[in-house]
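Two complexes, one shared chain (chain A), two partners (chain B, chain C).
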Partner chain A sequence: MLVQLVQSILVVVLAVTVSVVYFIAGNWILDRWSAKSNTPKAEKIRPWIFLFPALFLISLYLLYPAFETLRLSFFNNSGREFVGMQNYLWLFQDEQMRTTLRNNFLWLIIVPLLSTFFGLIIATLSDRVWWGAFAKTLVFMPMAISFVGASVIWKFIYDLRSTDADQIGLLNAIVVALGGEPMAWITIPFWNNFFLMVVLIWIQTGFAMVILSAALRGLSNEVIEASRMDGANEFQIFYKIMVPQILPTIIVVWTTITVIVLKVFDIVVAMTNGQWDTGVLANLMFDWMFRAADFGRGSVIALMILLGVIPIMYLNIKRLKQEDEI
Partner chain B sequence: MSSIKLNNLYKDYGQTNVIKGVDVEINSGEFVVIVGPSGCGKSTLLRMIAGLEKITSGTIEIDDKVVNDIDPAKRNVAMVFQSYALYPHLSIYENIAFGLKIAKVDKEIITQKVLSVANTLELVDQLNKLPKQLSGGQRQRVAIARALVREPKVFLFDEPLSNLDAGLRVNTRIELAKLHQSISATMIYVTHDQVEALTLAEKIVVLNEGEIEQFGTPMELYFNPKNKFIAGFIGSPKMNFIKASILNVNKNDCKVMVLDKVVDQSFPISNVKTNEDVTLGIRPENLKSVTLEQSLCSGGVELIESLGEYDLIYIRIPQHELLCMKVEIKNEIKMKDVIHLGVDSENVHIFDESSMSKKWP
Partner chain C sequence: MMSGLRKLYLASPLRMLTHLLLLFLVVAWTVPTLGLFISSFRTADSIDSTGWWTSLAESSQNKRIRLAEANEQQNIGGQFLIEGVLFEDEKIKIVSFGESFKTFTDTSAGDSLTLKNGTELIISEDGHYQWTSDEVFMHKRGKRIFVNVLIPPTFSLDNYHYVLFSEGLGKAFLNTLTVTIPATIIPILFAAFASYAFSWMQFPGRKILFVIVVALFVVPLQLSLIPLLSLYSSIGAYLDFSAKSYPGVWLAHTGFGLPLAIYILRNYMIGIPREIIQSARVEGASHFQIFVKLILPLSLPALAAFAIFQFLWVWNDLLVAMVFLGTSSDQIVMTTKLRDLMGTYGGDYEILTASAFVSIVVPLTVFLGLQKYFVKGLVSGSIKE
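So, the complex of A and B:
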């Protein structure tokens, strides 16, 4: 324990010292060089000296793995034998893969849609009641729970006990109380996807609500009153005056949740482990890469996820640039 | 065109009373300005007429119909807000057309009406732009256009000029006056600027701490203020107030003492008692430089403001705020000169020292 502590302190000190020495020395050498040659070249090099460590580390930990994944996708399970497009062909022919892609597509559409929608509704309505702040705290609370923790909570809600025992799962308890038959909810193919999505919607609604609530607060009260004078009713004020004004924020919330959805993994692992047709891409990638130890197929799936994120990232960056211009 | 009647109107926010029993009758087609210091409740009063604030007690009648519980949009009133309150995501055309679209007016009629209003307010070239692309003055005109297009019976203006620069403010003021002449709708206009009030209004309501101090024409308020508050509020530079005590009363003729000096001038008032404390109110244009014997009081010149047309001379006398005297530019008054201030008896307003109400004229 002590040895590890001393080691980590040493590493921290060393890393900081090396960085400081690097920058001071780099600067000093450039200063001497530019003093001698008196050219503006040194000033062109200077920013690169400061940028180099960051660029180097990003290349090492982000760019290199990305290209390595691309390379591996053309190789067999051990990563040694070139197999051409075989992994890609498998991707488009595999039955399980098709289910997974469908599931992922459903997640991508439904979770951001419902999270943003509920977030917006709660943000709007909570401003109109005296217990709004309390309601918001409750809705926001799941944000603090890890995906696995949330999954465990919801597993209890969907829990099924044998018919002679009491149903401890909330959903089955309600069903039984209403005179229905208890069901193993998360094993019903296709619909179980939605039961899993509920977990993420439950978590992300809080996020959407907080951001949208702040945006709604920023709206001018006089503009809303003006629309009321113009005869707009509450619904018209909401979707003709308020929503269009916070549309940029809605898009930010939407895309942020979309990116989170693309990476969803823990919920599926904790709830069903991908059984009963609930697998998603990240889940499938993990299975092939580490459980089946097939680097080729694992890499192909990883590339699919990357491909899915790119358009969203492109939109986000474009928006950021537009905001900078304003 | 419609008449508006406010009957014993009250507005409370919890324990705070903002409007305390306001009674006003506004005739059809009148331009009424509600003026008062900030926090006097004038905007609240306007918002109550608009229907944006609930009424605690009392009634508001438009055309002899109580509208207390009628929706803002159905009162047939239009409001122009201080911040213009344009819809930032809609084009100018859409901004003006919004109310008509909500009311499901026929598309062609909307276009026709919007174009006609845009024409009146010189906004035709701006119709496809967004509010943020317009200047302050143009935005203000869009806000007026939006009110105008609905052809309301009553226009409400909430400090519409306060976000404009001085030059534009004067122009827009003139435009508003012209607008009122051309459409002859009832207009209620809130401002804290008494110059706007005097120039625009047919009648002025002076509001102070939620109560009406005086309701009358601009000239009534200027020449015949009901109390010291009105006297000090209306007119710029404001009226000078000089403390005095009554020396003796002799029928319609009494003498006063200012700063322990007996004033050699008689005032034709009778409703005062000997030794009573009063305040003399004198407008800057009525103060004049006289000889020591004829003067009310004397003091040194502390500041001279030359405004081209006339000079404002600020004079310090003991125990008072700076007195202001308006004089022609051709004068020989210099800084630190001692001026003996005098006034013609008929130009003096006399206020009760404690109740501040007017005793004379």
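So, the complex of A and C:
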């Protein structure tokens, strides 16, 4: 078994060696050439030696597939026969698709909203207590846990046992203790979506908290102290002074989580596998791609996910341009 | 004056509220993982019968047990005595005992109870009993009595032993490691080259290329899956090589990770003071020398930040592994394995909790150990300082 691990370490050594050799050799040849011909041409080529490996892999793994997916979306299931807009028409007529789009829409609104909200609250509170750093570490911890691992954790919380036995799922135990009826939470259509969203909110709040906490620390104390002198209470300071100032950061956090939500796949696959009306686009795409082996429809669904990302892509580029001008 | 007094008045209840609210939130965020952790050490029976939150306290249980047989009696001065211990396990504490299911709470441990046949029974807290009679004991099977006992919490590593060696999770752990190490290091290497060019070299199309890279890091992976899968199968068929292989996964993770890596590293490298690079240039250092001797060592914090990122992402990934790796024991990674186990052992939480914990222990350690770098990386990617 260890042979395999040694192999993987050898691959690392090999990859590092090959890249270093490529890099040194490329630069050396260029140096020799520029020394001989004595032209500045070599300096025009040199950047491309630095860029080539990364640009090549990005083109192969991200750019080419994006265009190929676009092309495939106009073809039938095997990708050989041109079918025009048929896949797109199917998209708008399919019953399952409508549920999926509704779910995705809910995820897109609720998860970024609540993650950012809780992140902001915890960041603000923990800056005011002596054990704040410890609190933040604990809230941040789920970020290290895989979506599948998190799904096990939460499935255990939502677990249901027969009514005459002790409930071992925390949620049902609480419900029973409060005098309610235990329920199979993740099988109740519509509401189960929210129980799945909790898993992602639980993970992403730590991210929001860390970023927002750094932004809050960057605020000048003078303004806050001055408004305190003027008689503003803590809530007014929070809403009227702190939040507006960190708004750009809030938007970054919001959009980053939105991108993660659009791609959410693991949680739904692990918790329900899309049953009981919990499907989202990424799962539907996977099903059409593997279970149905329909590349045309799979591609159309992938493009739907891209559609959701485009506004964020635009925002990111705009932000980048602003930063570069300053 | 007025505002000072008001502040004092407001400060203490508000501060209490801050502590309480934060405590509540932290507990809510921690308890789910705690439940998983504690359950993974419990036996299947105890997970099934009681909530994990009760496992730290002693559990109160009612048991039926038989006293010793008549042939163990001793004759002590005309009195007949049977002595013994109820439970082998010394940790079990007796609370009360009795002859029937209705009366077993009536007599506390240490007290004596006169049984229906006139004999006398004393059971002490540690389970030792003395059963005395004026007449000789004649019974064949030991008398059955009822006891209420306190059983201390028991934890063991049995679940871990089972999932690691019998369920094949140990192998999956190695597979995950096999995927993760190259898939973390290769992108860093390529991204470092490219980021240097984007930060400190002049070439036509520099801006637009960087914009494309930044645009690509939000492009969903799903867009790449179908074309890459077809590409892999045709290359695989051509070279007579399985389409699902480790090199395929390493390269896929590298390709998908590069845009973010370039973005983080470039943001960091461009912040290195221009004078350092210019003076090196004046002294005749080439770009290659500057990159290796100056920029790489200076960029170590950013390299570390991205390495942690990529490590966590690859280790925790399910989708790429499901698409580009098989499910045979020599290729299945822990996330895929865990998902399979969830399907196979729906409610067997002794297996699921231990497996989940094995899969999260490495990222958790990396994360807690290198949290400082990780936070720095996150922040520098989101806030321009």
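We adopt the following convention: the second predicted complex is superposed on the first by the 270 of 326 C-alpha atoms of A that agree within 3 Å, B and C clash if a C-alpha of one lies under 4 Å from a C-alpha of the other, contacts with A are read in each partner's own complex, and residues count from 1 in each chain.
The working rule: contacts are C-beta pairs under 8 Å (C-beta built on N, C-alpha and C of every residue); 3 or more make two chains touch, one makes a residue touch a chain.
Quick caveat, the model's predicted, so the values are computed rather than measured.
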{"item": "First, second, both or neither for A:203, with chain B first and chain C second", "value": "neither"}
{"item": "Touched partner set for A:242, first chain B, second chain C, both or neither", "value": "neither"}
{"item": "Contact breadth on chain A, by residue count: chain C or chain B", "value": "C"}
{"item": "First (chain B), second (chain C), both or neither touched by A:227", "value": "first"}
{"item": "Contacts of A:114 with chain B and chain C, given as first, second, both or neither", "value": "neither"}
{"item": "First (chain B), second (chain C), both or neither touched by A:300", "value": "neither"}
{"item": "Touching partner for A:48 - first (chain B), second (chain C), both, neither", "value": "second"}
{"item": "Which superposed partner A:156 touches (first chain B, second chain C, both, neither)", "value": "second"}
{"item": "Shared chain A surface residues [contacts with chain B and with chain C]", "value": "229, 231"}
{"item": "Interface residues, chain C side, partner chain A - complex", "value": "3, 6, 10, 14-15, 18-19, 21-22, 25-26, 29-33, 35-36, 39, 47-53, 170-171, 174-175, 177-179, 181-182, 185-186, 189-191, 193-194, 196-198, 201-203, 206-207, 209-216, 218-230, 246-247, 250-252, 254-256, 258-259, 262, 286-288, 291, 312, 315-319, 322, 330, 335, 338-339, 342, 347, 349, 352-353, 355-356, 359-360, 363-364, 366-368, 371, 375, 378-379, 382-385"}
{"item": "Partner chain C, residues of chain A touching it in the complex", "value": "1-2, 4-5, 7-9, 11-12, 15-16, 19, 23-24, 27, 31, 44, 46-48, 50-51, 53-55, 57-58, 60-66, 68-69, 72, 79, 118, 121-122, 125-126, 128-129, 132, 135, 137-149, 151-157, 159, 165-168, 170, 173, 202, 205-207, 210-211, 214-215, 218, 229, 231, 233-234, 249, 252-253, 256, 259, 262-263, 265-266, 269-270, 281-282, 285-286, 289, 295, 298-299, 301-303, 305-306, 309, 312-313, 316-317, 320-321, 323-324"}
{"item": "Residues of chain A touching chain B in the complex", "value": "220, 222-223, 225-232, 236, 240-241, 244-245, 247"}
{"item": "Contacting residues of chain B [partner chain A, same complex]", "value": "50-52, 72-74, 77-79, 81-83, 85-90, 98-99, 102-103, 146, 150"}
